[in-house]
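Heads up, the next two complexes both have subunit A, just with different partners, subunit B and then subunit C.
Moving on, here comes the complex of A and B:
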């Protein structure tokens, strides 16, 4: 187990290293364009040359990459062009706001999708199963921006009971979180439900479930004591991997509802060509995604004795 | 893979009969039928856009008209209203279907071409090629997908061809993974060994012997993938990273009307219904096809 964790962590580090190279090459391969982004399109050629020289951009590529990597690792992301402050000062509060959004999304998503998935999967092919499956296809077919539009039309325009933006300009307001969380949950609940359903349906065909039923144990008890324990291992991984997906979803949702989170920040950075902010956002996003994937793998191995004891 | 399993070779039925059987299979699944219906509807709309659209989609006629308002300065009715620049929303949705379907199809096809080639090579050659391609894929797939799109589009700029490039770059690894795992299963079959014995070259074996035998799961995946790509094109348009204006695209329409959505919901709701129904069609078709393939 320990050597497995160690190997997994090493792989994570290697992935991050490769990702950093990709991000670096994507954004900084051409120093000239970096200078244009930092100094603006109206800077003179001379200014750009001076800036490039002063900031070490005339060094060979590999040296620039290593220095860049060193700064990234120590959390020195440079200065934001748009906000005129160090990137870290904008980034961390925004990330915290997104964490709040993510927390509530998962707090709704996990119980909801597991319940629906178990209900659908315990009697495969039943009417309830069909209904849940079709509903989950429909909800996953509606892109987040579309469900944001639909839900706003209903709850903001039609009923007028929820605020249409979530800028939190007068301090934290839980009401403003409801629509963003609803949109994120609605898009993802179908997928997690289907995964849980598949896992539950598979467990229900196992011999020990048949034995339990034939022994005369009441059906709800068979589900709770025998079925769930094994059926909920695969959804654990699926749910952990939703964090990666959530980092995509928040870009759309935060933009739509003007929520001051990480996704909106990344978008604002790229619309304004704020190169250092884009780099930092991308690296942080991948770091969160890769770390959760590693945790999911380790957790899955721990939960599943068939793998753990090998 | 036993020797007998594939020894009983029989001639494949003629193409026409296979297509008829396919349609018959579709009829077995109401879900797939509804999905196929939605897709056919939008393809027809795209093809007949010049005939169907009542107005020019880019001409400013009468701003902020509610659905059903007649055109004051001419003949015709704005059945779905107009946007803030006075452009007819129905016409924009109809013409926008061309954009979405065209780029959706081209981007999916391009991602498939690259992904299938990578997957065939990785699964067939194995060894260092597999290792290299798989690791490369892992790295790209470790990005939250939209973060990758935003970074790529921010770097290379927003345009139709760049959307195709970004989708190819971001989705090919996922397709590669699926193809690779299917190829690993097929490459040990006797007919592959026979082709090797005949001295066929590697790409002939991959494309002629292996690829046709993994098409089933790939067709299902292609439907789902095209759904994702459609969403992606919509999202990029919505975020302002999509196709440059003024030509209509559904995501872009929503982005432009976003600030007026609370006063004039028809400007945003209708393109959203359009894109959702197209994606729903693709997802239902994929689900139905998967169910049919599991049944035999």
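Moving on, here comes the complex of A and C:
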């Protein structure tokens, strides 16, 4: 196990290194365009040259990359062009906000989808199963930007009971969290439910379940005691991978509700050519992606003793 | 609303209303004339396109003191007022620090921190008399030292301020003797010796190298806010030391989130100020978020409502919509030094395909004003009216044939992806050119990419923002060899006529020259212009004293909440 973890950490580091090189080449290959991005399109050639010289951009490419990498590793992500503060000052609070959103989404999503999935899968083909499956497919088919608009139209414009934006400008306001969480849950519940349902249905066909039923154990106990533990293994992996989606895939929801999260930050950085912020966000996103995969793999091994990590 | 059959409006009124909407005659003049011609107040206002708000124009309401105005706008970094490059930054800071001259909502330069100004005959020496009795928020008196310190900072190249170009007439460019990597000589621009002269504590004289009649208007531009004379010594950080002459003080500031301003504790030179607090809230860049914020009463007004949101805003019952026609526009400009656009007949052919009024309707519906392909707006004081351009496909085809493209022409225009009206303008222009056999391919790209090549592309759609005077635009864009001359247009006759126009400070006197200059640009078909854009500002009905400024400036000193 320990060697597995070490190997995985090495893989994480290697992936991040590769991505960092890619990001650097994409954004900082041409020093002239960096100057334009930082100083703006109305800057003069003279001002750009002064800035390039002052910031070490006239050095060879490999030197710039290594210096940049050194700064990244020590936590100096540079300064955001748009916000004019160190990137770290903007990045970590935004990441925390997305974490809050992710937490509450999970808090609603996991119990809801697991319950629905189990109920659907325990009796495959029943009316309950069909109802849940169809609802899941419908909700998954509606993209977030559409459901955001629908829910907003109902609750903000129609009924007027929920706030239209979630900028949290007066401090944390739980009311402002409701709509974004609703949209995210609505979108994802179908997927996790159906994964759980599929897994549950498969478990229900296993011989030991049949044995338990034939032994006369009450059906609820069969589900809870014998079926659930095995049925929940694949959904666990799925849920772990949803963390990745909750990090940057929620950009549509964050943008629509003006929620100050990580996804919106990356989008704003991209639209405004804020290259240091883009680089930092890209590295964070890669780190989260690789780490969640590693954690999913390790967790899966614990849950399923038949899997051996090689 | 009056029944048109019962009270038919005088036939002269619609045309007068159009002139008033375009700023050719003043609104007051129009309303007076309309009343004389028998129109009711409601009719007159509806002709102007303004819904009569109960209790606003008719019965003068007494302003109420107090309240917090919540504004949805991007909250950007404003630590150095000299390098402002977004109008939003100007808005954030303008409540605290102020300009010498302020452009009011009718696009006229009015005294602000400067009480009055005179220019010499040759327009090279300008004397500005500063207002007396103005105090900084730290108790110091405002005076010539502050103005000179601020200007000195703007005009030094190390600051990186756009003002060094704005006030180029006060600068000198010298060859440093060094060469850059391409072998070109490296030049340095800095303040000319003796450009700033302190006459006394409240009088500053500017000595320009070339005549500049637009100096007051330039002083009213958003990056020209005056900071305290010790701004640099105190650390050159406006957030840490928000010392200002304005009616508000900085209470709270968080980039990308919110900014809170509270009413100044001391006395303000400009009289009564009604609001207790202004709160700027950053809702990101999604316009839908602002509409949702309006609907759930989280904001009172926003920075700008785009034309695509006008319909949505009008459907919300609690909002008023303010509109102003501006000199903001987008031009589909040719590079006159490159094929096929180096042939004037090709450019004129494309120009002849355009129906400008239809173009306006396609892009802005009932709003905006039709453009005339010479980049001088009806809101510019020196605007000269020329015979209207007409769509003429026969003429277009004939010109194309003469230029050797009888079988049709295929060209490509570069255009930014957003905002959408720019793409729509390109599409509309392409559609209009099709019947003449001109096939325009639209090459859409992200904003950053376009701005890398806006001065080099053979055919590009460029967004130009509002400037108070027509001659300013001409000096920036069409004079030979200037940095922003994206079309590479070079016409010595145009340049010398522009010099002549630049000596006449009275717009009336300038008009005859402008007529000639406009005609030259139009005949040379340097570009096809989309329209003169309106700007829209939406606000909750409880907000009084608000208007849509031509450059979207925030003048909140006389705003109050009912």
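Just so we're on the same page, the second predicted complex is superposed on the first by the 306 of 310 C-alpha atoms of A that agree within 3 Å, B and C clash if a C-alpha of one lies under 4 Å from a C-alpha of the other, contacts with A are read in each partner's own complex, and residues count from 1 in each chain.
As a working rule, a contact is a pair of C-beta atoms (placed from the backbone, for glycine too) under 8 Å apart; a residue touches a chain by one contact, two chains touch by 3 or more.
All values reported here derive from a predicted model rather than from experimental measurement.
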Exercise for the section: Would you mind checking whether subunit B and subunit C clash or fit side by side on subunit A after the superposition? Expected result: clash
Exercise for the section: Examine A:138 and indicate which partner it touches, taking first as subunit B and second as subunit C; both and neither are also allowed. Expected result: first
Exercise for the section: Name the contact category of A:281: first (subunit B only), second (subunit C only), both, or neither. Expected result: first
Exercise for the section: With the two complexes superposed on chain A, say which partner A:107 touches: subunit B (first), subunit C (second), both, or neither. Expected result: neither
Problem - subunit B versus subunit C as contact partner of A:22, first or second or both or neither - result: first
Practice task
Using the touch definition from the top, say if A:255 reaches subunit B (first), subunit C (second), both or neither.
Solution key: both
Exercise for the section: Return first, second, both or neither, reflecting whether A:66 touches subunit B, subunit C, both chains, or no partner chain. Expected result: neither
Practice task
Kindly classify A:149 by the partners it touches after superposition: subunit B alone (first), subunit C alone (second), both, or neither?
Solution key: both
Exercise for the section: Once the structures are superposed on A, label A:293 by its partner contacts, choosing first (subunit B), second (subunit C), both or neither. Expected result: first
Practice task
Using the touch definition from the top, say if A:128 reaches subunit B (first), subunit C (second), both or neither.
Solution key: neither
Completion exercise
Among 6-14, 186-194 or 240-248, subunit C is struck only by the subunit B stretch 240-248
Exercise for the section: Jot down the residues of subunit A that show up as touching in both complexes, subunit B in one and subunit C in the other. Expected result: 149, 152, 156-157, 164, 255-256, 271, 273
Fill in the blank from the handout: Listed in rising order, the residues of subunit A that touch subunit B in the complex are 15, 18-19, 22-23, 26-27, 133-134, 137-138, 140-146, 149-150, 152-153, 156-157, 164, 244-249, 251-252, 255-256, 266-267, 269-271, 273, 278, 281-282, 285-286, 289-290, 293
Handout entry: Residue numbers on subunit A that touch subunit C, as the complex places them
Key = 33, 36-37, 39-44, 46-47, 49-51, 82-85, 90, 149, 152, 156-157, 160, 162-165, 167, 169, 254-258, 260, 264, 268, 271, 273
Completion exercise
Per the touch rule above, subunit C residues touching subunit A in the complex are 76-77, 79, 85, 157-158, 160, 162, 165, 180, 186-189, 255-258, 279, 281-286, 288-296, 298, 447-448, 451-452, 454, 483
Practice task
State the interface residues of subunit B toward subunit A in the complex, per the touch definition above.
Solution key: 31, 135, 138-140, 142-147, 150-155, 227, 231, 234-235, 238-241, 251, 254, 258, 261-262, 265, 268-269, 272-273, 275-276, 279-280, 282-284, 287
